[in-house]
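In order of appearance the chains are A, B, C and D, and numbering begins at 1 in each one.
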Amino acid sequence: MIDNNFDRRDFLKVLGWGGAAVALTGCGNTSVQDGKETVVSYVEAAAYVAPGISTYFNSTCAQCEAGCSVTGRVREGRVLKLEGNADSVINRGKMCGLGQAGVQHHYNPDRVREPLLRNGDKGETITWEKAYELIAQKLNGVSGDNIDFMTGTISGHLKVLLSNYMDSLASKNHFVYEAISPAVQRAANLKSYGVEMPRFHINKAKVVLSFGADFLGAWVSPVHFSQQYAQFRKGSDGQRGVLVQVESKMTLTGANADRWLVVKPGTEGVLALGVINALGLAGLSLPAAVAAMVKPYDKERVSQETGVSTDHLVKLAAILKERSPSLVLLGSAAEGYAHGSQNAAAINLLNQVLGNVGKTIEAAASVPFPQVAPSLGNSAALRMVNNRLADGQTKVLFTYGVNPVFTAPKETNFAANMAKAGFKVAFAHYLDETALQADLVLPLDSALEDWGTHIAEYQPDGVQISIQQPLMEKLHANTRGMGDVLLTLIKKNRAAEYAAFEDYYAYVRTALLQNKRQFADVGVDDEVFWNDLLSAGLVNVAGTSNKLVAKLASEIKLPAAVDTDAKFPLRLIPSVTASLRDGRHANQPWLQESPDPLTTIVWDSWVEIHPKKAAELGIVEGDIVEVESKNGTVKAQAYLFNGIHPDAVSIPLGRGHDAMGRYAKGFGVNPFAILDRVFDDETGELAMHETLVKISKTGKRVIVVKDEGAAGGNQHGKKIAVNIASDQVELSGEA
Amino acid sequence: MKDINEDIAWAKINKDVLKSLESPRKLYWVILAVAIAMISVAVGCEVYQYNMGMGVSNLNNPHVWGLYIATFIFWIGMSHSGTLLSAILHLMHADWRKPIYRFAEAMTTFSLMTAGLFVMVHLGRLWQFYYSLPYPNDRGLWPNFQSPLLWDAMAIFTYLSSSILFLFVGMIPDLAICRDNMHDGWRKKLYTWLSLGWEGTDRQWRNFRITYLTIACFLIPLAVSVHSIVASDFAMSQQPGWHVTSFPPYFVAGALYSGCAAIITLFIILRYTFKFEEYMTLSILKKTVRLTFAIAMIWTYLNAIEFASVWYGHDQPSKDVLIQKATGPYAPFWWGMIFCGSIVPLMLAFKRFQTNIPVLLVTSLLLNLGMWLERWMIVAPTFSHGYYPWTWDHNQWPSWVQWGIVFGSFGWFTLLFMVFCKVFPSVSMYEVKEMVYHRSRATKKLEASGMQAKGAH
Amino acid sequence: MSVTNLLENWSEFRHAHPVGDVPHDPYKWAMSIDLDACTGCNACSVACYAENNLPVVGKEKYAAGHSMHWMRIERYWPVDDTTSLEPATREFPDQGAQFLPMMCQQCEAAPCETVCPVGATNHTPDGLNSQAYNRCVGSRYCSANCPFKVRYFNWYDYPTTENVWPAEMTQQLNPDITLRSKGVMEKCTFCVQRIRAGERSVKNEGRVLKDGEVQTACQQVCPTGAITFGNLIDSESKVHQQWKAQRVELTADEQEKDKEADSGLRGYRILEELRAYPSVMYMERVRESAI
Amino acid sequence: MSQRHLLALFSNFDEAEQVIKELRNTSIKGFDVNNDLVVKSPIEHPEVEEMLGDKPVYVQWFTLFGALMGGLLGFFLISGAQANFYEQIKGGKPIVPFPPNFVLTYEMFILGGVFITILGFLVCAGLPARRSPLYSSKVSEDQIGILVKADDAAISTLKNIFTKHEALEIQEEAGK
């Protein structure tokens, strides 16, 4: 397939009768029909286009890995807005800001529109034919061992195609890289519960104790958890759920907690064991081994090590014991240390002794078709790819959905190592930092133009296979769907096997129809089934249900004290924000202008520092401070923030791009660059919170661009945002 | 010390005043050029703002009003002394007003015209300004008569047109003098046309007297209403620091105050520029200065009353605004206002300064600076520190566009005033004659009675 | 303007909302926002950008105070000393933050309406505070008199400003809403385009809108369902029930909650004492007392 | 019978008063002191005018009319516009709210008063006027002028009176 010669218009006509149509024609975008360009007036618009009337089509959000189902509002052939698909068990009609900004990914003015070939420092526009030829030529004679394919989390039929393609190249080097992933937790969960990612029932818990899990912001499946949270707050029988958040830097979830406990960075595990100990003292029966293990963690010691007062510790144990079931969550803040796995084990142990396993933590159903189940990313993949590149093992590198040049710590030298590979192909939407290092940049369709299937890692109920379908005609003639590109590439090697598939759409359709009986009655007509599927935008299957195998940790080794360094006295917490995550969305202006919920800063990075520490260092808000680690420095404006441990500073991730277009380039700084290379002892994941820094004033000062006014967060006695103690309020009577 | 030399020949009065209409000196052109240069700055800024949008003025949310409105009030205030004082003093038969009321009334007119410009400059959609006028139209659309801004527009229109008429009517006999003394030319035609064929007949004078009196009677409540309506723009709103009952009288006092200060400034300038020493005498200046001092004290009192009522009112938001004025980012300006408005005028209480021209010039300029600061301190701090803490903005600072337009407005005023003084007699000739006439008669009477008394003795 | 009309209308118009004798009928749009559910995630604000063609003004203009977020999320910190200008006096915000979605409160006695010199902002019969963009002359008096400062002025001509809506991005614009040019005031409309479309769609059926048939963009997207929007008159509507349960009266300036010490209620309206009678009820965030 | 104008100029105002007094007391045929005598003065001169007898001024009736009409027009225009155009409620206030309307009525009252007063002045003072046949610019300077209109027969009598009172100058209209 060279050109995208699948006739969308005819296809749409078919769909139009099916009741749910994908309407794709529009002003500004001429339709390609039988090779002729026809200007179609709305006076004689196609049946599925009603001028002035919006039509809604279901698809899947591709902004993060949570796999929310979306409904695109389409008018006159243009997608206007993404709304939530109410049928999805993941997001139930709701959306986050990040998801809604998907249209700005699609309409982004800085998208790559033509295949680009590196010519010295410049990119030269070439045709797709030439690009395919070039790939074939460069792959020719290269052993499969020397071909690496680096992707972000990938699932569904794209994953199948990719693995088949790698097979056809005799390569096993598909690396799935996510700069921010709960990889440590997966390993810990596997040990504690027997599954990597169980289902969490926040809504069934009476108390949620979260160790840095920002489940309302950026953790795993935030829209889903937010809905659970709403139910949890309403509570059953008027018993409102209580949220206690333990972390060193306040996250959005921490800001919503009933009690936010600041801990010394890295001591989350100690606190967890301390709570177990306190629970035992409060009368909860602990298994003997556990009791013995937590014995040394008496409240004084724990309080001293973590900084949490003994009073709070006792109260916490009391409420956990009293209100059951509870749920203990663990997030990146607890994972990001050399002893992150130990922290995780300790926290999971707390869940186990509280008897939450099986109540608020359940096994997720496993995907009935393992080949489409998501390949989960982690940061260990980066390390592997980088090592291979450094050693010259990688001759040809493909990248898709990742931006390692941006997200790799500077110390890894990733960009330089990448240059050692003979031929680098970036499948990209924008010229991001990685694409700029590539030899060949292949422009992809946006998520709103492409076909696909997705299966999210976190499955709240059964298994949801989400369909991604085009919501409108392609904006740019020379972009291609990733699936189509892979299919074309694979046909070069396995022409016979894939001859039946004209394009990726045909492939997906065939694949799903083949498994029709899994989803529907056997008797259903193929067309009807297919149209229903597209109309729904998703299909739920029961999956195989599992039971959790709870295993108590036998040994948890927590360091006596977390390392400090006289030269670098502070700990850097690279914070993950709900809208910018690892930086791949930084070019979506809605997100840039969406104030950070806690600091309300827009369009820029900042260094969060506790006022006490700031006073010590003579820093005031707006001072440009230099944050120096062993591996480099970044300079950003200081923001005085009480929600951070005084021994830590925090810089949000996601900004600081040198590329990626007008909305991303030049705004803020990139803390990924200065991270120390410290790894989790067990999983080899990059320990994100192990970077030690020092900060100094540069003497420059700016006015921080933020929504917060001169009063800061102070209401000055006015009744504006009010709170009430839970014993003062009668929730059961509420509508 | 006499207000005026009673023996002055009437022909000399004519001659002296008409001299001010003669070919201007070089300095006059210099002043005009400077004024035009200043206007060009304002025009440039306005063109830029018109094209780019109001954002270039650095106004923002919550600072939706800024120097434009503050300076608008300043000019409106400035307008007050002219007409209001002229009318009040006329009713009170204070004849020392006669040599100085003409330019004061001109000042009224021109500062109103300047103020009007600020309303325009301030509008986000200047090109649609006529939406705020009550004109009949097909769509049956009317402005919102509930809005104090509309009252403002109405009051200013009434005041401006009445002031112009008052100025004009009062000038008719003088225009006839000009007509009678001018050589042929456009000016003669102009005066002939404007003097409406005035010949000073008894019928004309009789009706003139009544008319002038009537309009003066109207002008006093009108002038009071104008500035109290400007005060209503603020007092009728709900904002802390604005919603103050004492605002209307406070504004009126402030207006009189700044007007008087401006009269002193212009008095001194005209006295020297046109050599009007014989008419604009130090004695009259002294009276004006004393009046100014009295008004300054009234203003100070009303200011204090406002603070006190806020303070004792226990309305926390209003109190916060007051505290903010005194201690926040606007503190230097606010204290500057107190200094210029309440401390500096104390100087005027000393006799030796009441006729000291250099001191008075500096003082009057300081008073006006103080009054301008007052207006700014009414407008800006409430925006920076309103009801809603989240939107408090203590960092906003007017951009050069705002400053440029404010700066240029002084040029505009100067231009209008200078042109007026060259085209129209800035001292009322016929009234100076009246003053001389009545005074000398009174003196004679006094002398006569004195003689009698002496004789009786 | 006929004399008869004038005379007839006279008595008819001598009434006033909300104390008035003519209740809204059949709609009175209102909202309630549960701050205990609101997490401050900003999804509603982004939805508002998407739905209402709000311009992204960029860093410099944002810094100048020219942002256009009709719905803004405010973040407050609990303080012990409310008079201090410092953001927080507690060493750590150990009870979290307070988030507050703030948009036009659609006041029944809106301070902005009376002061507009050209009558560009009016109260609609269904209880909305409407803004007529093409009538607005940009005096900004409405914003000056808004206690909540939720009115946003077009300081620039955003549609023609560079990088606000570059080429392709214009295709995302919602055709149901105009783009606002420089010099006009704008603000949250309660997604009036959706309300009107909804009303039209049920008009043919000869009925009124049922609860949930019209959703505002922010309500629709809110992951925790903190925002409830609906017809306050409709006793079936959730918003009606919530107001009723919290015993919040539209036309009162002091609610039961203020009168009773232990009412157990948590519904309130912001700056209620100003008697603007906002149409948005907030429900206080709850904080667990046991921990 | 043909009539002619005569203008006499006096610098001494007392003399001018005496002239008027004398003219009023003397009955001259062909000269009506109430209609044919005009005093031209450089200043407002109530004392001299008193001599001319009780001449009424009607400007104030214009004022009354103007002010009332202005006020009424203002009030009805505004209320009418509100009642007809603004069927929309603003700020919880009545459609026809009295307080703001009173403010505007007040302004219109003054506006009408001032405008119509000026109109009245022009009407009553006969302005703009054609220049009278005899005029001296001295009248606008420092001299008082007495303009009389009389039959040819009375001219000489009048001249005598003027001369007697030290008229500086007597202008005589040429015969027709």
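Throughout what follows, a contact is a pair of C-beta atoms (placed from the backbone, for glycine too) under 8 Å apart; a residue touches a chain by one contact, two chains touch by 3 or more.
Quantities reported herein were computed from a predicted structural model and do not represent experimental measurements.
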| item | value |
| --- | --- |
| Chain pair, B-D or B-C, that carries the greater number of C-beta contacts | B-D |
| Central chain (distance from its CA mean to the mean of all protein CA atoms) | C |
| CA centroid of chain A to CA centroid of chain C, Å | 32 |
| Chain B-chain C separation of Cα centroids, rounded to whole Å | 43 |
| Length of the line joining the C-alpha centres of chain C and chain D, rounded to whole Å | 63 |
| Per-residue overlap in chain C, given as positions that touch at least 2 other chains | 1, 67, 72, 74, 76, 111, 114-116, 119, 271 |
| In chain A, residues with contacts to at least two other chains | 703, 708, 710-711, 714-718, 720 |
| Chain D residues counted as touching two or more neighbouring chains | 81-82, 84, 86, 90-91, 93 |
| Touch-based graph of the chains, sorted into line, ring, star, complete or other | other |
| Chain pairs in mutual contact under the definition given at the outset | A-B, A-C, B-C, B-D, C-D |
| Parts of chain A lying in touch with chain B, wherever the complex brings them together | 703, 708-711, 714-718, 720 |
| Chain B partner contacts - residues on chain D that touch it in the complex | 13, 38-46, 48-49, 52, 55, 57, 59-60, 63, 77-78, 81-82, 84-86, 90-91, 93, 97, 100-101, 103-104, 106-108, 110-111, 113-115, 117-118, 120-122, 124-132, 135, 137, 139-142, 145, 147 |
| Interfacial residue positions of chain C with respect to chain A in the complex | 35-37, 39-43, 45-47, 49-51, 56-59, 62-63, 67, 69, 72-79, 82-88, 90-100, 163, 166-169, 171-175, 217, 220-226, 238, 241-242, 244-246, 262, 264-266, 268, 270-272, 282-291 |
| Touching residues (chain side chain C, partner chain B) in the complex | 1, 61, 64-67, 72, 74, 76, 102, 111, 114-119, 135-141, 143-145, 147-149, 151-157, 182-185, 271, 274, 276 |
| Complex contacts: residues of chain A adjacent to chain C | 26, 28, 52, 75-76, 78-84, 91, 93-97, 100-101, 103-104, 107-109, 216-217, 222-223, 226-227, 229-230, 233-234, 240, 242, 244-245, 250, 252-262, 312, 315-316, 318-319, 475, 578-579, 589-595, 597-598, 600, 602-604, 612, 640, 642-643, 662-663, 667, 703, 705, 707-708, 710-731, 733-735 |
